[in-house]
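Residue numbering begins at 1 within each chain, and the chains themselves are lettered A, B, C, D and E in the order written.
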Amino acid sequence: MEEAWIIPAIPAAVFAFMFFFRNLLPRQGDFVSVLGALASFVVFFFVLADALDGISLGEKIRPAVEGFTWLEFSDFEIRIGFYVDELAIVMLSVVTFVALMVNFYSLGYMKGENHYGWYFTILSLFVASMLTLVLADNLLLLYITWELVGICSFLLIGFFFERRSAAEAAKKAFVTTRVGDTAFLIGIIFAFYQVGTFDIQTLIEAAEAGEISDGWLTAISLLIFVGCMGKSAQFPLHVWLPDAMEGPTPVSALIHAATMVVAGVYLTARLLPMFEVAPYALDFVLIVGLITTIFSALVGLLQTDIKRVVAYSTLNSLGLMFVALGAGGHGLTAALLYLFVHAFFKALLFLSAGSVLHATDRQDALELGGLWRKMPLTAILFGLGAAAMAGVFPLSGFFAKDEILAVVLDERGPVYFGLVLVSVALTGVYIARIWILTFLGKPRDQHAYDHAHESGPLMMIPMVLLGILTLVGGLVVFSDIGQELGFPGGFGQFLFVEEPEDFHFDWALVGASVGAALLGVLMAFYFWLVGSGRRAATVEALMPEMALILRRKFFIDEVYQAGINYVMLGAAGVVSWFDRAVVNDTGVNGAGVLARFAGDRLKYQQTGVVPNYALYIVVGVVVLATIAVVTVAR
Amino acid sequence: MNLDYSLLIPEYWLAALAALVVAADLTVPATHRLRIRYMSGWLAAAGMVVAIVVSIVPYLDTDKDFGGLISVDDYTTFFRVFFCGVTLFTILASMRYMEQRLSNPGEYYGLLIISTIGAIYMAAARELLTAYISLELLSFSLYILAGWSRTDLRSSEAGLKYFLLGAFSSAILLYGISMIYGVTGSTTYAGVASGLSGDVGDIETGMLMGMALLIAGLGFKVAAVPFHAWTPDAYEGAPLPITAYISATSKAAGFAWFLRLFSGAFMPIIDDWRWMIAALAAASIVLGNLVALRQTNIKRLLAYSSIGQVGYMLIAIAALSPDSAGALLLHLAGYAVTNLVLFTCAIAYHDETGVEEISGYAGLAQRAPFLALMMSVALFSLGGMPLFAGFLTKFILFQVAVEEDLLWLAALGVTGSFVSLYYYLMVIRQMYIEQGPTLVRLPFQPVMYGAIFLLGLGVMLIGLYPAPVYEMADDAAQVLFV
Amino acid sequence: MIPLEHFLVLSGILFSTGIYGVLSRRNAVLILMSVELMLAAVSINMTAFAVYISPDLFTGIIFAVFVIVVAAAEVALGLAIIVRVFRQRASANVDEVASLKW
Amino acid sequence: MEDFLKEYAVVATVFIMLGAALLMMPIPQRRPDLIRVVAVVAGFAVFVISAGIFAFYDWEEGGLQFQMRWEWLENVGFFEENGISLYFGVDGIAAPLFLLNGIVTFAGCLVSLKIKNRNKDFFILLFVLSSGVFGVFGAQDLFFFFFWYEVAVLPMYMLIGIYGSSTDFGTFLRTKEYGAMKLTMMLVGGSVLIFVGIFTVFVEAGLGTFDLQALGSVSYDVNFQKAVFPLFLIGFGTLAGMWPLHTWSPDGHVAAPTAVSMLHAGVLMKLGAFGILRVGIFLFPEGAAFWMPALLVVGIIGALYGAVSAFGQRDLKYMIGYSSVSHMGYVLIGLATLNEIGVNGAVLQMFSHGVMTALFFLVVGALYDEAHIRDMTRFGGLAKSLPLIAGFMAIAGLTSLGLPGFSGFVAEFHIFVGLFQDYEWAGVLAVLAATITAAYVLRMLAMAFLGPFNERWTRLPDMSVNEVMGASLLFAAILFMGLWPDPFVDRIASTIVGFPGIES
Amino acid sequence: MSGTEVIFYIIGTMTALAGIGVVTLRSVVHAALSLVAAVLGVAAVFLLLSVEFLFLTQVLLYGGAVTILLLFALMLTRVRDVPALMVGAQWPLGLLAAGSFFAVFTVSVFDTEWRWARDNEELTSVAFEDIGDTLFRVWAVPFEIASLVLLVALVGAIVLGRQEAGDR
């Protein structure tokens, strides 16, 4: 376990190597990146084995702390330190695995693009940063990697920078998350002044021991959570995520499924003990999560871009995770379980969507349709992912959603439970809808349809792997299966806050959950498949304003754009005007003009006429003499 | 009474030299004169070199007086060298100008040399009559020299204005001297001082009346506001070398007298006259620098800039102390050398092109890089930028003022110097930034360039290694306060 | 005996008159004449002080002698300058000889 | 031998620059190749020496090192023992700044090699500028501190006026002459106050010497400190781009040629902040404590104001110019905290902003020299055809927005932490400015370098080898500090800890 | 009031009037003649102060040489004699300035205690020999300088006054 640092170190080294030498290597060095990801993945298993060595059911693994001081300045110390516990291990498994998958998939998907090697270079940096983020033992290192992840996402989303939309999306992603990061940074510094260190465990201990006043604790928690909101695209900082689909599809998978967006969830989970102590913090998390999850489900209803819908489904999922975290109790377990399985089925969804995109060069579902004939495997895999997303039994998503619903019901009561259930149902609707629009029905764009074909093995292998995991991933909740895999028990017994949680079916809950999901799916079939979507159109025609609002995503982008246009550019305009007119032209030039004006006037005393000059002399004498005589005279 | 005439050898030599130059010019037939180019000039220059040697060698560490009227001490030696040096470089700078635009070289150089005597005696005098008559000697020469040019209408106008105002102001000066004589009963500086220090009661108004008049007269000589008005006109009208000479010698002589008189005679009542000088200084700084902002003629610009410079120097008089005297002498030395560089460059350019307007300097950096460079050096030095003399000398000057609690004046001086940088930069802009009408190189002028180079070295020397000059100045100043 | 002050007042009148002349006259020669008046006032001052204060050294008298000499030289020189200007500009009025300004 | 090297290293930097300038003077204009050789050799030499100074500064020992003193004026006039001495020494604050100037000077030489018109004058002036900067960083005598300070300002007018460029804003024109004059006048105007301050300090101390250490050993009356400190604060602050005395900076930097912008924004502005610290705070700790809240407010305003202004700019150089105002605002904020972390951050930020903004100007200069416009809206998608320019621009931009791994983060983080110690409200605003920085940097990158490729620029060449070398040098410095800040912090801390007026 | 005093006040008044005439008379020739009168009045004052040497010098130099020179100058420069234009535009200011100077001066004269002045003593005339002796002994240097001044004035007058080819 002390060797955990090797896991991020490998992709970091790959990045450094490729940054300088990629163009000297064959194939622009893509294999280096893939091998690096593979190596990380392999090393992860060694670490895992080491961690699991000798722990039994109900025991927590002894966290390993490793690292060195990067910068020391009087009592101010910045460490590069690694902390490995169950939480980190779950995250590591997700990140290393998805990274490997995406690397493989990209070999096929990105073939022939410009800057092919650069893509893999950034990918490696991204993986390295994400792995370090997961392992960081202090907030500052976490923040550093947090930012690095952000910049990688900027570079990757903007990879097709020649598309204006990609450039804009990249910018938007970075700036929006940066807003959250601002709060995060402030929170970190506040925390530093409360406990005198950046160490996460020390902070949690101090919070639990009540060494931090409630006010500070709430402030710190909320500020850090705002950072999480930015990174995990929670309402109202969610706007960047759908746009981020401008990036290459594997990147979307990597960022939106497995890694960057769950960084916020991870951080909240990491600091959950502190959030629990802080007043209001958990409630805030819950409400933000709830808003996001319902909001995104609603917006997802009428979107037609495949990747965008998947993106909204991601928002939806992330919201659910925060709901789970905010619920308290076993929420951590539930959220992490969802995170774990979400990685598989969301990656699967994205990669399938990428496969469609790759094959048809179309992204809008309205131009597709009936593709199952041309791409049956993709259709099945996409459907699998969609079903998991919807929470259909017995796919992995079901188990996780079930857990979350259970937690919400236990901890927060029926109102919240009902709201979550609505979100689940809506999820069923839109995710089924997009699958229907894409793969079923009649082809709407014959040209695209004719050219469609199943993707090559490099892309299909990861998809199939992910499909299998989507199918079976949820089973890790069972104690027996967990023990078979070498864990002390099921997921809830491995990763827990206070006491290990045994998985059990609450049939009423299962019924509600599956019922809601199936209801949603059926509605989708009813409205969009039967009668080729005329019914949906009818419904839409009934309430056009509502449809418009949904299509335009509640106008939030427009509001923000207006904010930037009117507030930021307006402020810039005002400041520019002030700078030019007041500071420069009046203040600086004014002094100069005044001096020159004075010079201009004064120079006319030089009349050229001798008696005038003589007059100056006499006046000078008289003035001097008068003052002297008057002041001294007796 | 000590009447050791050997103390006055340098001045006798100068008088003889003047006679020699005039006589040579008169006697050598015109046909020969053409063959020996610049004959009078070289003769005068060689004579000045001798004069410098004669001024230094026998009088190192001398401290004697001649009949109670003239002191020959370090201070006098300093100014002998100073004035002879200025005259020497003026002569060098005049040679070509004289040949091209003036006539009567013998008389011209003769008058220059004789005026040097006047300047020296102003510095050396310890008595008001001697000083006054020396002043007249210098002034008369300058009136004539200012109006020397026969081809330039402005020249005679300048001579007339300079003369009329000079006569007027010397009457005022004399009236002031008479009042001082009346109150103190003496015209020697020491006598005046003892007449004042014996005074236990209040100061007499008559004395102050006299001082006001005297300061007006001296202020005229050094061109302090409001007695400055002759300066721009005389500077512009006079032939360029004479402008240079006036700006260096006339001003320095005025201050030489100022220093010796005020330290020797008026030190006891410094608190009663300090404000007068301070007021003049402030007015000079403000007016000189502001009006200079709007000038287009290089001579006129330098005239106003010199008015501003006078303001700085007056600060040292207002803050009169042994330190300030040393600082003033150092500043005078730096200022004179700098000004000579500037004027010599201007003359060299004028000799080739006849240009006096600042806009005519456009493109000088490409036509004559050396001239442009040295001119920039001088301008930066005047503007008080480091590496050059101006920075250090002004720094010390203002520092001294602050030592004497004249912080406000020093601050005003620094501000004025800041403003002055603007118009100096405008000249530099013409030379370096603006494109000239032509890129043709100006021919090399060995004499001028040599002189400029030497003077430029002086500017750099004072700026970078001031210790020797400053020590000399300081030694000279100490004599005044024994 | 006449008080010293009375001599001084007389000289003051002459001096002030001279100042007025310089300030108000246009003709350069007349200005020069006014200056002569001022110099005469100086001589009175000097002599009166010399007689009243230090008759043994009579510095003031010597001073007055020099003033007279210088004044004479000044007039000679001034004449030459004025005549020259007059030749060039056909005027000896100072406000007409004012091309140098500003 | 080592002692010898240590003694003369600092003098060498100053006089190699001046000497090279002198050496170039007699070289005829028609031999630009010779000039270039001299320039590069001299630039490289000072780079090596300054790197050596940084490397061999013994931070465990701390204090003044590389000391050398020549008496200049002593026992004459009002000067007493050590009156004015050419006294050089390097402390832990100056050591990184020496390195900074060495790097930027060398990089500036490299990119200036392509100057064809009057390159002799250019290098002479540039080297005078650089020598002044070295002089200030090394000066341990107040007179010479100011002396070199002015030397550094001296050549600016000509450098900008001759080699600069004018900007047409449509409704009005900002000529290079205007920019040059404004820059010079404002900087010299600021030094008027410093002048006055130095006078009063000298008199108040009454030691007859300008030796900075000696002056620092006097404890001045508190009211005197309060009265005099603002003189130094505003005077040096002008050069540091302190709001509202910053307006010379955008106009001046935009008008200046590449190498001059690099040196000026990169190094010269640091002189101001260095002066506030080295002279202002050092001599008047109590006055500083009294005035620092004011500086803090001004610094925050500057940081926000500069960032917002930069956001509104379309001209690349103006954007960088205003971003300099913003970043120098951070430096001032860091100084204003008066605690070790904050001041440490300020010094780090001086270095960081120095290399970063130099890189910015280098890249923009490379672009402008070929494209002849700087309006970012008229570019677009340049990353396609000019990967190097786009890449270095992105690096500079990311450094500027405080991306971890680059130097900006280390510096800004120190400043923020120091700031939050006493002024939480200010800290929030300062962090906000960093966010706006991200916005305008990305806006610029997206506008000019990303998006659809503008076919008009198909034939635009990428950076030349020299420029890439210069940029790489700066990039290396950014990475060095970003990844391994320890050497910097050790050196700075050795002086900051126990510095008068700076609390832990 | 003794006879001397009466004479002094009469002469003083006449001198002052003559001086005023110099600066106010419209005809330049009248003004010049008025100057002669004033100069002679001053000479008379010298006599009253029993300084005969100065009296002689004044009469000879001023009354003779200077006046004639001035008249020459007037003749040489007089093209038109328009009396109305003899006085410049700033004469009221001039009057004010001169008047205030006189006022201040008078105040200071009466305010000052001329402590070096002897009171109530008979004036003794200064012997010519004494003046000569002092002039060449004590004041030798100023005397020599004065000679140079005269020389300069002479040379200057010649150089400036001489008409040469190329004159404008």
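By our rule, contacts are C-beta pairs under 8 Å (C-beta built on N, C-alpha and C of every residue); 3 or more make two chains touch, one makes a residue touch a chain.
Given the structure is predicted, the values throughout are model-derived calculations rather than measurements.
Considering every other chain in turn, the ones in contact with both chain A and chain D prove to be B.
Relative to the C-alpha centre of chain E, the farthest chain centre belongs to A. Here the two chains linked by the largest count of contacting C-beta pairs are C-E.
If each chain is reduced to the average of its C-alpha atoms, the one that sits nearest the average of all protein C-alpha atoms is D.
Measuring from the averaged C-alpha position of chain D to that of chain E gives a distance of 69 Å.
Centres computed as Cα averages put chain B at a distance of 26 Å from chain C. Remark: chain A and chain B have CA centroids separated by 77 Å (rounded to whole angstrom).
Inter-chain centre distance (chain C to chain D, centres taken as mean C-alpha positions): 64 Å. Within chain B, residues 129, 133, 136, 140, 143-144, 147, 153, 156, 159-161, 164, 168, 172, 182, 185, 204-205, 208-209, 232-233, 422 each touch two or more of the remaining chains. Taken residue by residue, chain E touches two or more other chains at 88, 90, 93-94, 97-98, 101, 104-105, 107-109, 111, 114, 116, 138-139, 142, 146, 149, 152-153, 156, 160, 167-168, whereas all remaining positions touch fewer.
Residues of chain D in contact with at least two other chains: 185.
Listed by label, the pairs of touching chains are A-B, A-C, A-D, A-E, B-C, B-D, B-E, C-E. Interface residues of chain B, counted against chain E in their complex, comprise 1, 3, 8, 15, 22, 66-70, 103-104, 107, 110-111, 114-115, 117-118, 121, 129-130, 133-134, 136-137, 140-141, 143-144, 147-148, 150-153, 156, 159, 182-185, 195, 204-209. Against chain B, in their complex, chain D makes its touches with residues 25, 29, 72-74, 76-78, 118, 121, 128, 143, 146-148, 150-151, 153-154, 157-158, 161-162, 177, 181, 184-185, 188-189, 191-192, 195-196, 199-200, 202-203. Touching chain A in their complex are the following residues of chain B: 160-161, 164-165, 168-169, 172, 202-205, 208-209, 211-213, 215-216, 219-220, 226-230, 232-233, 272, 276, 279-280, 287, 290-295, 419, 422. On chain A, the positions that touch chain D within their shared complex are 70-76, 114, 140, 143-145, 147-148, 151, 154, 158, 161-164, 166-168, 170-171, 174-175, 178-179, 181-182, 185-186, 189-190, 192-193, 568-569, 571-573, 575-576, 579, 583-584, 587-588, 592. On chain E, the positions that touch chain B within their shared complex are 104-105, 107-109, 111-114, 116, 137-142, 145-146, 148-149, 151-153, 155-156, 159-160, 164, 166-168.
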